[in-house]
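Each chain gets a letter, A, B and C, in the order it is written, and its residues are counted from 1.
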Amino acid sequence: MEKKKFDWKAITSSREMSLVIVLILLCAFVQIRNQSFLTGGTMEEMFRNYAVTFILALGMMCVLLTGGIDISIGSTLAFSGMAAALLMRDYVISTPVSFLVSIAIGAGLGLVIGLVISKGKVPPIVCTLGFMNIYRGLTYLIAHSQWVAAYQFTDSFKNFALTKYLGLGLVNNMIAVTIYIYIIFYIVMKWTTVGRRVYAVGSNAEAAAVSGINIDNVKIGVYTLMGLLCGLGGALWTSLYKSAQGDMATGIEMDVIAACVVGGVSLTGGRGSVVGVMLGSLTIAIIGKALPLIGVSQFWQNGIKGLIILAAVILNVLAQRTMDKNNLKRREM
Amino acid sequence: MKRKVLSVLLSVSMLAAVLAGCGSKEAEAPAAPAQTEGDGAGETEAPAENEGGDADASAAGAGTFAIVTKASGNPYNEREASGFEEAMKAMGYSADQIIVRHPEAATADAQITVINELISQNVSAIAIAGNDNDALQPVCEQAASKGIKIISLDSTVNAASRLTHVNQAGTEIIGQTLMDAVLDLSGGEGQWAILSATSQASNQNAWIDAMKKVMEGDAYKGLELVEVAYGDDEYQKSVDQTQALLTNYPDLKVICAPTTVGIMAAAGVLQDKASEVKLTGLGLPSEMADYVGEDKVCPYMYLWNPIDVGRLGAYTSVALVNGDITGAAGEKFTAGDMGEYEIVEAADGGTEIIVGPPFAFTPENIEEWKTVY
Amino acid sequence: MATKSGRTIIAEQKFSWKIFFLKWEWLLVILFIGINLMNANLSQYYLSGEGLLNATNSFLEKAFVALPMAYILVLGDIDISVGSTACLSAVMLAYCYNLGVPMGACVLICLLTGTICGAVNGLILTRFTELAPMIVTLGTQILFRGIAEAMLGDEARGGLSTVKWFSDLYWGKLGIVPIMLLCFIICAAVFAFVLHKTCFGRRLYAIGANKLAAEYAGIKVQQIRMIVFTLTGTFAAVTAVFLAARMGSTRADIATGYEMEAIAMAVLGGFSTDGGKGNFPGLVLAIFIVGMLRYGLGLINIPSQLMLVVIGALLIVTVMLPNIRSMVKIQKKAA
C-alpha cells in the first residue's frame, strides 16, 4: 500500500509528468473554447507546421547538453534551404538530391561553427551570434535578394509535404520524418556510448576528459549535428511553404531554445531528455496553434506566450526542488 | 611580444581583406580628392560633384539621387529600386550618381540610420518608402534643412516630412477594386476575411479602412467581414493565421490578402487543403503564378508595377532638384516615356502623384508577367 | 582564480611596459585606427569634424545599454530582454504623453518602467537561482514586448517631437558636440569608475570569477545580481528615451535586436560571456569600432546584407585571435 502511494508521488513530481499535466489542462481549456482544436485536421496541421521546430529542438538539446548554445540555427536553416532551392530552380534536381544537398550544406555550416567553438575557443553564444549574422547575410547574397517561388519548384518537391509515402500511408511525410528522428535520437541518447558521451561532457567536462573522451570532438559533433538538422529543416521548410525566402525562419532559435528549456533541458549542461524535448516542443506548438483558435486578440499572443514559458520553467524548478527534497527525505529514513 | 604584434597585424590584414572584398564594387566610384565638406550644403556640393564625376554626368545634370526601400531581401523592394535605377540611367545619370539603399530591417529605426548616412554624403534628393508614417519626421526635417529634396514613394511619410508622395494607386481605388473582387468571388453574399501584413503597416491599414468604407454601400450588404487577421508579413505566421481562419469560420467564402507575403501563404494553404474558399488581394505575379487560374484558388488578383513606382520616383526626384516642380498640388511635369503626371492633394494634407489604377492579373496574362516581376 | 578572471587581484601590480602593451585593448586601438583610415580612404565624406560627431548619433543610443550589459557579463550572466524592456519603456513614455502627462513626468515613468522590468528579471533570477538567466530573460523578452503590443495594438503613438527639449536630447548639440555624446561620456565614466575603482566593482569580478568562493567570502551574491539586473532595466529605459527622441513616435516593434548588438559590443570589448573578464576602455573602444565601421560602410553604400557578414566576421575573428595565439604557443611548447 505504502509502496503504491510512493510511486504515485514519484510520477507526479517528475518533471516530464508535471509538464504533461500542464499540457492536458491547456488542451482541455482550448478544447472547451473551440471544439475544432482536438480534431485530426487541426492536429495534423499543427504537427506539420511545427515539424521543423520539433526536429531542431533535438539538435538544440544535444548542444545544450554539452553546455553550449546555438542561436545561429535560423540562419543556417535559411542558407541551406535557400541553396537547395536555388539549385532546384536553376538545375532542376530531384527531390531526394535536393534534400541531401540541403542536409550536406547544413552539416558543413555546423561543422564550421563547431570548429570555431572547440578549436578557436570562442564562447558558443558569441560564435553563433556572429554566424547568425554571417549566414543570414550570405543567404541574401547567394539569392541576390530574390525569392524562389512556388512555380520554380518541381511538383514532387512541393508534394512532399502533402503526401504520406514516408509515413506508410498513415501520417504525413513531415510528421513521419519527425517521428523517425525522435525514435533514432531516443535510442542513441539513451543506449549508446555516443549519446552517453554527450551527457558526460555536459555534466562534468573534466571528468569526461580524464575518462578518455575527446571533448573537442564531441563538441564539433554536436554542432555539426545541429547544422545537419538545420539543413534537413531547411528542405522541409521550403517544401512545406513552397517558397524560399531570405528571411525565412528568422527568430526560430528562440522558439527552439524555449521548447528545450520548457522540456526540462538545463542550460548549464548535462540534463535533458528526448521525451522532455518532445513535450516542450509540443507546448510551443500548442501555444502557436491554439491562441489564434480561441480568439485571443493578436496583440495579446506574445504576452501570453511569454507568461506560459516563464510559468513552465518556474514550475519546473519547483518540481525539481520537491524531488530533491523527497530524495533527501528518503536518505534520512 | 613579437607574436602579439604578428597577431595584431594578421587581424588588421584579415579585416582589410574582408573589407576590400566588399569594397571592390564601390572602388570604381571616383576617388575624388578629400574635400572639406563640413559646411557643404546641397548647392555648393553640385559643382564639386561635377569635377569628380565623368564628363557625361554634366549632360544630364549634377547631384546624387538616393532611394531608400523598406528593407532588404524582398523582391518587391528590389523591383522598385531597379525601376528607380533604370529611369535615372535613362535620363543620362551615371551609376555613381544613383544610390540604392535597402535597410537591414523593415523598421523606421534602420531607415533613420540610412538617411543620416545619406545626409553626410550630401545627396540631392532622397526617395523613401516609409516604414513608419511619423517616426521619420525628425530626420527628414534634418535632411530638408540641408537642402535635400525628400519624397516618399510606395508608403508615405507624413505630410510635414515630404515634398510629395508617389502613390502606386489611389487608396480609394484600391479599396473599391478589392471590394468589387470580393463581391464577385463571393457571389454577392457570405462571410469573408482579410489577411493583412503587420498590424502597424500604414499602407495596409489605409486600404482596409477604404474597403470598410466601400462596404457600407448597399451593393455590399450581403457581405460579412468576420475578421482582420495579421500575418506580420512572415510566412509561417501568415500560414497559421490562414488555417485559423478556415477552422474558425467554416462558412468562409473569400479571403482578401492585400499583402504580397500574406496572399502567397494563404494561397499555399488553400491549395493544400483543396479548399472551396477563394482568394484575392495584392500579390506579385512571379510568386503567385502557381495559384492564379480558372480552377485554382485565386481566380484573379491585383498589383501595380513596382518598377513603375520606382521609375516615377526617379523622375519626380529629378524634377524637384531641377526646380521644374516644387511639390505643390496642381503642378504638372513630364516623366520621360511614362507621360505627363499631375500633382494632386492627398488625403493626409500633403500632395501626391498617382501612378495609375491597380492592374489585374488574370489566368490569361499571368504567364507573361511572372517573369517580369 | 586569477587565471580565469584574466586579471590579478593584488592591489599594486608593478608597472611594466611589456604588460601594458600586451593588453587586449591595443588590438582594439589598432582596429579602431585601421577602420578610420579605411573609411577616410573609401569615402571623401568621412573625415569632416561635424560629420564624425554626427556619426556618433547613429549608434550611441544602443551603447547606453551596453554599459550595464558589461556588468552582467562580468557576473557571468546574460540578459536578452533589454530590447523588449527598451520597447516597453518607450511605449509607456509615448502612451502617457498622449494621455496628457507632462513630458518630464513621462520620462520618469519611462525610467521607472525600465527599472521595474529589470527588477522582475532580477527577482525571478534571485528567487530561483537554479534558472539560467538566458531562459528567464528569453521569457521576459517575449512577455515585455507582448505587453507593449497589447497596449498599442496596431497604432503608433507620436507627437513627441513637438516638445523641443525632448527632441533635443537626440538631435540637439552643445556647440558642435551632440548632447547624447556628452551624456554617454558621463555615463561611461561613472560605470567605469564604479567597476574599476570601487568595492562594488571588485565584488562583481569576484562573483564572475567564482560565484561559490565569492559567497563564502561574504559577498551577498544574490543582492548584487538583483542590483545589476535592475540597473540594466533602468539603462534600457535610458536607451528608450533617446530612441523616442530620435523618432518622435513609438510603436511596439522598436528596439528589436538591441540585446544582441549590446552583447556583441561588450564581447568585442573584451568582456567574456563566461564572466570575470573585461574592462571599460575596451568596451568604449568596441562601441566606437562597431559604430564607425557601420557608419563608414554606410557612407560607401554597401548592401546591408554584406554589412551583416562583415560585422559577424569581425566579432568572431577578434574574439578568436588571442586564442589562436595561445594555441600556437602551446603547440610550440609541446614540440
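In this section, a residue touches a chain if its C-beta (ideal position, glycine included) is under 8 Å from a C-beta of that chain, and two chains touch if they have at least 3 such contacts.
Given the structure is predicted, the values throughout are model-derived calculations rather than measurements.
Undergrad: Determine which of the two chain pairs, A-B or B-C, is joined by the larger number of C-beta pairs in contact.
TA: Between A-B and B-C, the larger count of C-beta pairs in contact belongs to B-C.
Undergrad: Where the centre means the average of the CA atoms, what chain is farthest from subunit A?
TA: Max centre-to-centre separation from subunit A belongs to B.
Undergrad: What's the distance between the Cα centroids of subunit A and subunit C, rounded to whole Å?
TA: 30
Undergrad: Nearest whole angstrom, what separates the Cα centre of subunit A from the Cα centre of subunit B?
TA: 35
Undergrad: Please tell me the distance, in whole Å, between the geometric centres of subunit B and subunit C computed from their C-alpha atoms.
TA: Comparing mean C-alpha positions, subunit C is 33 Å from subunit B.
Undergrad: If I count partner chains per residue in subunit C, which residues reach a count of at least 2?
TA: In subunit C, 153-154, 252, 303, 305-309, 313, 324 touch at least two other chains.
Undergrad: At least two other chains touched by the same residue of subunit B: list those residues.
TA: Within subunit B, residues 72-73, 102, 199, 230 contact more than one other chain.
Undergrad: Give the residues of subunit A touching no fewer than two other chains, as numbers and ranges.
TA: Residues 140, 145, 299 of subunit A touch two or more partner chains.
Undergrad: Flag every residue of subunit C that touches subunit A in the complex, lowest number first.
TA: Against subunit A, the touching part of subunit C is residues 78, 124, 128, 130-132, 134-136, 138-147, 149-150, 152-154, 252, 260, 263-264, 267, 272-274, 303, 305-309, 311-313, 315-316, 319-320, 323-324, 327.
Undergrad: Flag every residue of subunit A that touches subunit C in the complex, lowest number first.
TA: 69, 116, 119-123, 125-127, 129-134, 136-138, 140-141, 145, 254, 257-258, 261, 266-268, 297, 299-307, 309-310, 313-314, 317, 320-321
Undergrad: Mind pulling up the subunit A residues that touch subunit B in the complex?
TA: 34, 36, 41-42, 45, 49, 140, 145-147, 149-151, 161-162, 241-243, 245-250, 288-289, 292-293, 295, 298-299
Undergrad: For the complex, which residues does subunit B have touching subunit A?
TA: Interface residues on subunit B, with respect to subunit A: 72-75, 78, 102, 199, 229-230, 234-236, 239-241, 243-244, 247-248, 264-265, 267-268, 272, 286-291, 370.
Undergrad: Can you name the residues of subunit B that touch subunit C in the complex?
TA: It is residues 1, 3-4, 7-8, 10-12, 14-16, 18-19, 22-23, 25-26, 29, 31-39, 72-73, 99-105, 107-110, 112-114, 116-117, 120-122, 132-139, 142, 198-200, 205, 230 of subunit B that touch subunit C.
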